[in-house]
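The structures considered in this document are given below.
In what follows, chain A forms one complex with chain B and a second complex with chain C.
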Partner chain A sequence: MSEYIIKNGHVFDATQGIKGDKKDICVKDGKIVDKVGSSAKVIDAKDKTVMAGALEVHAHVAGPKVNAGRWYRPEDKHFDSHKKPGITRIEGGKSIPTVFKTGYEYARLGFTFAMEAAMPPLYARHVHEEIHDTPIIDEAALPVFGNNWFVMEYIKNNEIENTAAYIAWILRQTKGYGIKCVNPGGTEAWAWGLNCLTIHDQVPYFEITPAEIITGLIKANEYLGLPHSFHIHQNDLGNPGNYKTTIDSLKLAEGIKATNNFGREQVMHSTHLQFHAYKGTNWGDFESGAKEVMDYVNKQKNLTIDTGNVTLDETTTMTADGPFEHHLHGLNHLKWFNVDVELETAAGIVPFIYDPNNAVFASQWAVGLEIALYAKDPMRCFITTDHPNAGPFTRYPRVYSWLMSKKVRDERLNTFKKADKVIAATNLANIDREITLYELSQMTRAGPAKCLGLSKDYGGLKPGMNADIAIYNINPDKFPSSGAEIEKAFANVAYLFKDGKICVEGGKVVDMGKKNTFWVDAKVPENKQVMHDIREKFLRYYSVNEANYPVPESYAPHQHIISVDATTKA
Partner chain B sequence: MPKEVTDVICPFCGTLCDDLIITVSDDNKTILGVKNACAIGAEKFNHQRLPGRVKRPRMRQADGTYKEITYDEAIDWTAKMLVKSRKTLMYGWASTSCQAMSIGHEIAEKVGGIVDNCATVCHGSSLIAIEDVGVPSCTLGEIKNRADCVIFWGCNPAHAHPRHMSRYSIFPRGFFTVKGHKGRKIYAVDCRYTDTAKCADEFIQVQQGFDYELLNAFRTAVRGDALPDTVGGVPKEKIYEIAEAFKTARFGIIFFGMGLTHTMGRNHNIDIAINLTRDMNEYTKFAIMAMRGHWNVTGSGQVLGWQYGFPYAVDLSRRDQARHQTGETTSVDLLNRSEVEACFYIATDPGAHFPVDAMISSSRKPTVTIDPHINCTTEISDIHIPVAMVGVETGGCAYRMDNVPIETRKVVEPPEGMLTDEELLTKINKRVDELMAKGGA
Partner chain C sequence: MNTVTLTVKKQPELYLECENANPDAFAGKKAADIAKLGAYQGKEISTLGDFFTITGEAGATAADTKIIVNGDCTKMKYLGAKMTAGEMIVNSACDMYTGSWMKGGKLTVNGDVHSFCGLAMAGGEFTINGNAGNYLGAAYRGDWRGMSGGVLRVKGNAGSDVASFMIGGTLIVEGDVDIHLGTHMEGGTIILKGNANRRVGGQLVKGEIYVFGKINVMMPGYKPVGEKEMEVDGTKAMFTDFIGDLGERHPKRKGEVVWGHIYMKN
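Now for the complex of A and B:
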């Protein structure tokens, strides 16, 4: 394999505390090394910014609902379907790009890893078929557990070992990475057309509350010692006044310590917090609750969050929060897609237009930025758009420009049609903070890598780590002042190295790299009870046979298995 | 000793039963028995051992007879045809694996093909309606576990999806449906008294061509608004009564088929059926599902979806952009307008299903058909390339009518030397690359 030396670049690396110093980065055999031979190819990074490959902590990029979004929205292809130069397949779609475009675009932005945020176990094969076809970037997927019948029954009986054994079984069957929980209890209630809007609402029939599900799943996660923590989309998403429920849910993590061998410190990752930080009682008196929520997050060290920034685009919302999508459809009356999945979960899709002329949407935009700007520890707050819910991931460069420049952000804020109302309902106008390149490397590299339990190989440029490197045409000494310039610089890397190979050069895709699928193999003590329950539920309630449930090896030809051992816990 | 292979997936219809037990001869070559399958599914497996099966590619001669050729010759001919043609219809895909489709799409992108599947003459109108208004649906297990109100509209699973009713929709006992069919109210809406209607508690005979009106009347009745005395031949009292029953159900489901998609109104029928379902969700829980026909037509829509963003009729002939427009990029219209220069058919039989004019147009073009068996289409093709039967002689992924993916199983060896779809397409793809590197055919 080729050797490279990246010379004279301004390096930003939180794992080594390097803040823009000029430093040469050496690459050999897919890893970052101390030095390389004289024959190594030289990449001139003078006046450029060098960072590790970025990690996406939460996006909907592969699987049944993403694909339903693609094919039931032919109009999305009209917005942006032009083939770009490079050795690429046909690219299509804007808010829900095709798999090819998804891989290329992440690479062009400097990303080398993406986490599919919600995998219905019954549809795991579909998720992996798409991951298989997505080029360049490494991926993993989180199976959803928050409305799973097994989980609810075990937790109701306070059986954490059984919950953990079942989760370990599912991770193996679905090639899953960790524990995702979407609207705990609420989605099961949705199977009867109902919902759980607070963490103390009872789930119909199962006689359990969201709070109990959350606590049980956190405990099961730490019992197994998984690389990633419990990852939650909370109850009551997107409703005015929900910040109280949000803080109530976050409080459930108090006093629980992370137990794992991956350097992860949080026990709960609360995703797209923007949607959960609203005050007021209706859309008329709606106000930002970002400060209240972030004040709590800042002092509670065992939490991580991501933002869910609204990008003010036409997009496609999709979530396992089935009742929310039904509610949203009632608000905008655009086409509604819903799938309820037996014993496990549900999903809904509704197209959505975040019109900047609307005060509520503009305020949501402000709330998302506030979340990131109020974050005291950039290692615990990550930038996402909850792709494609708050906007497509291809808008990250624009989000960065708003976060990194008060001027750019204020230009947008002050030119809203209802600027006065937005300024009154939010605190953004009073925030002067500008995210630095170093903080950006924490929020998009080192932070998410640590949160996902991948900090050994990802998120930094230390010798021994994966040679996943993004080089941007940004001179930190002359940081671009206009939004358009910042956007342009982040949208097309000068170079992207993935596992030591140049995959993107000058914004052009030149190599497909070697894509890996990550999953976690959790070993647990033999559990006859759980195996019996699984057999029984497949015989009586599932519509497929147990033998046809697992995802075969062939779906992940380059699999990277992370093993954890919980057998000694019994 | 013969042995039993269990948990076998039936590659016949969109029900995709996965509990078949197949008895296989000791040498893994012959199927001796099929358990749990319906009559059609069993026949599909039994076909495998029928005498007279074509085992090598055949090329049509000037006198209309067929001559056996080698796979290499057939691959070369096919690749040359694809490279030479500026626009090729690549139709079918509904009876092969998703893995094979993926390779086919790669070829189509290179040579400028139009990839279309059987939805184009089947549930294409449903897909158009979903593109317009979305669809609230669920997996089949949800129906088994929860549904107490099941409506079959313009579909006849007793014949077309024979095990659907016993596995999912009428008879099974589920978690919240412990009484099985006794706890479910079954409605059949059709212009004929079908065998499915015989299983229903209530048969509603709609006047032919009045499905839209009747669905509209249900929407009206649900809202409590006034109706004329009869709609589509159904008295208004009946409509009000049934609408009330829908509203008081705990979990309702509408299954629909060709009786809605291919009668007057087509996509508009589906549109309003979906809108009725949507309305019902204001009162209770309701879902709707298309009764997809071919066992993996759903899979073709899925793979096309994630690769190009459209479920069928995907025009890749521009090579830098995928297009999809019903009436423009759909197979029958392309053939009727004689807009393609060659035809490539795989894993489906357009000769049996397309309008005659379209097939006359097709028969005048260079044509290759890839199919395990002789069918109507192979007989108007220049070349017929037989392949292993997917789901019987080779595995691969398939999607059920509710989009649940299931990996089909290989139960016996294909005849010696016979290629699978995946192997054949890989070789064609390679040959296309060689020809294109040389600058054409």
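Now for the complex of A and C:
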């Protein structure tokens, strides 16, 4: 494999504490190394910014609900479907891009890893088919457990060992990466026409509360010692006054310590916090609760969060939070898609237009930015748009411009039609902080890598780590001042190295790289009870055979398996 | 106003997507630059110059630009699509999406057009001196935003699903239409001079449909509520007013129940 030396770039790397110093980065055999031979190809990064490849912690980019979104919204790709010159295929879709466009666009933005945030176990094959077809970037997927019948039954009886054994079985069957939990108990309650809007609402029939589900899943996660922590989309998403429920559920992590061999410190990752940080009692007296929520997160070291920034676009919402999508459809009257996944979960989809002229949407925009700007530790706060829920991930450059320049975000804030109302309902106008390039490297590289348990290979430029490198046309000494310039610089990398290969050059995809699918193989003590329960559920309830359930090897031909061993726990 | 003339010199093997054949894309350009504008043939990227001989020069703005298209355009899609100003005359039949998402200016087709023309049109004048296909002035597939403004006139007949999801503007068909006229209509005016096959005004919530001819089978939910003398598109006549069984109490309309109307000429 070729050797490279990236010369004269301004390097930002939180794993080594490098804050823009000029440093040469050497690449050999897909890894970052101390030095290379004299024949190494020289990449001139003078006046450019060099960072590790970015990692996406939470996006909906592969699987049945993404694909349902694609087919029920042909209008989403009508204006955004083009073939660019070169080796790339046709790139279609704006808020729900095709798998090809997804891979190309992440690479052009400087990303080398993305986490599919919600995999319904029953449809894991579809998730892996799409992951396999997504070029360049490495990916993994989180199966959803928050409304799973097995999980609710075991946790109700306080059987953490059985919960863990079942989770380990699912991870192996689905080639899954960790534990995702969406509206714990609420999605199942919705099958009875109900919901769980606080963490103490009872789930009908199962007689369990969201609080018990959350605590049980955190314990099972640490029992197994998984690379990533319990990953939650909390109850009561998107409703005024929900910040209390959010803090209540964050508090459930108090006193629990991370147990793993991956350097992960958090036991709970709370996703798209923007949607969960609202005060007030209705949309009329709505106020930002970002400060209250972030004050708690800042002092609680065993938590990580991501933002879920609203980008003010027409987009497509999709979530396993079935009742929420039904509620959303009631608000905007646009077409609604809904599906129940037997025994496991559900999903809903509704198109959504975050109209900047609407005070509520503009306020949501402000809340998302506040979350990031209130974060004291950028290693625990990551930037997302909960793609495509708050906006498409392709808008990251614009989100960065709002976070990195007070001038740019104030221009946006002050030109809202209902600016007075938005300024009164939020704190954004009073925040002066500008995220630095170093902090950005923490929020998009080192932080997410550590949170996902991938910090050995990802998120930094230390010798020995993967040669995943993004080089931007940004001179930190002359940081662009206009929003358009900042956006342009982040939208198309000068170079993207993936595993030591140049995949993007001058914003153009030149190589499809070698993508890997990550999953976690958790070994647990033999558990006859759980295996018996699984067999019984398949015989009695599932509409598929147990033998047809697992994702075959051929669905993930480039798999990278992370093994954990919990057999000594018994 | 400057005039640019496009003459077809080569037929595309598949279909040519002429998204850049409109006054907005031409504005400020000379013939040589217009020839370089992109046009897709399937996934193949080509230019307008590959298929058209281009003469003349555009005005500084779209409003100062007139485009005349000559030759056989039956395989050309998106002519005049998204135009906001200026004028365009196509002396041929043309393919799908002609005049779609048009916002302003004047577009005339001297021939038939295929389906999906005038789709989601928001403004301007679009005249078809021939017949139109299905989904004229409708919403794009999957979309809920149909024609919202402007005047779209067809001198001949039109197909099925004309003006579905219409929310504004005026659409006139001087000949006949097939089934599903004005489905999901929430505003605007449809004037049908000829006959309709069946299923006129399904899910019609707001807006008016005037029918001069006959509707083969009236939807069962409709009932006559009175007669009115009106002048419609220059013709004064007595019309019977029908409302459907679908009224909507829309939260945005403060509890008011709104009905759509079908006016049948007596």
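Methods note: the second predicted complex is superposed on the first by the 568 of 570 C-alpha atoms of A that agree within 3 Å, B and C clash if a C-alpha of one lies under 4 Å from a C-alpha of the other, contacts with A are read in each partner's own complex, and residues count from 1 in each chain.
Methods note: contacts are C-beta pairs under 8 Å (C-beta built on N, C-alpha and C of every residue); 3 or more make two chains touch, one makes a residue touch a chain.
These figures come from a predicted structure and were not determined experimentally.
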Original post:
Is A:70 in contact with chain B, with chain C, with both, or with neither (first, second, both, neither)?
Top reply: first
Original post:
In the superposed arrangement, which partner chain does A:232 touch: chain B (first), chain C (second), both, or neither?
Top reply: neither
Original post:
Looking at chain A, does chain B or chain C touch a larger number of its residues?
Top reply: B
Original post:
After lining up the shared chain so the two structures overlap, which partner does A:78 touch, if you call chain B first and chain C second: first, second, both or neither?
Top reply: second
**OP:** Kindly classify A:335 by the partners it touches after superposition: chain B alone (first), chain C alone (second), both, or neither?
**Re:** both
**OP:** Once the structures are superposed on A, label A:90 by its partner contacts, choosing first (chain B), second (chain C), both or neither.
**Re:** both
Original post:
For A:544, is the partner it touches chain B (first), chain C (second), both, or none of the two (neither)?
Top reply: first
Original post:
Both chain B and chain C contact which residues of chain A?
Top reply: 72-74, 76, 82-83, 89-90, 334-335
Subject >> Touch list for chain C against partner chain A, complex >> reply: 40, 43-45, 139-144
Subject >> Touch list for chain B against partner chain A, complex >> reply: 6-7, 9, 18-19, 98, 102, 106, 109, 127, 130-142, 144-146, 167-168, 173-176, 250-251, 278, 281, 284-285, 287, 301-311, 316, 319-322, 324, 397, 399, 402-407
Original post:
Which positions of chain A touch chain B when the two form their complex?
Top reply: 62, 64, 66-68, 70-74, 76-77, 81-83, 89-90, 92-93, 96, 98-100, 122-123, 125-126, 129-130, 133, 149, 191-193, 205, 326, 329, 334-343, 346, 349-350, 540-545, 547-548, 552
**OP:** Quick one: which bits of chain A touch chain C in the complex? Just the residue numbers, please.
**Re:** 72-76, 78, 82-83, 85, 89-90, 334-335
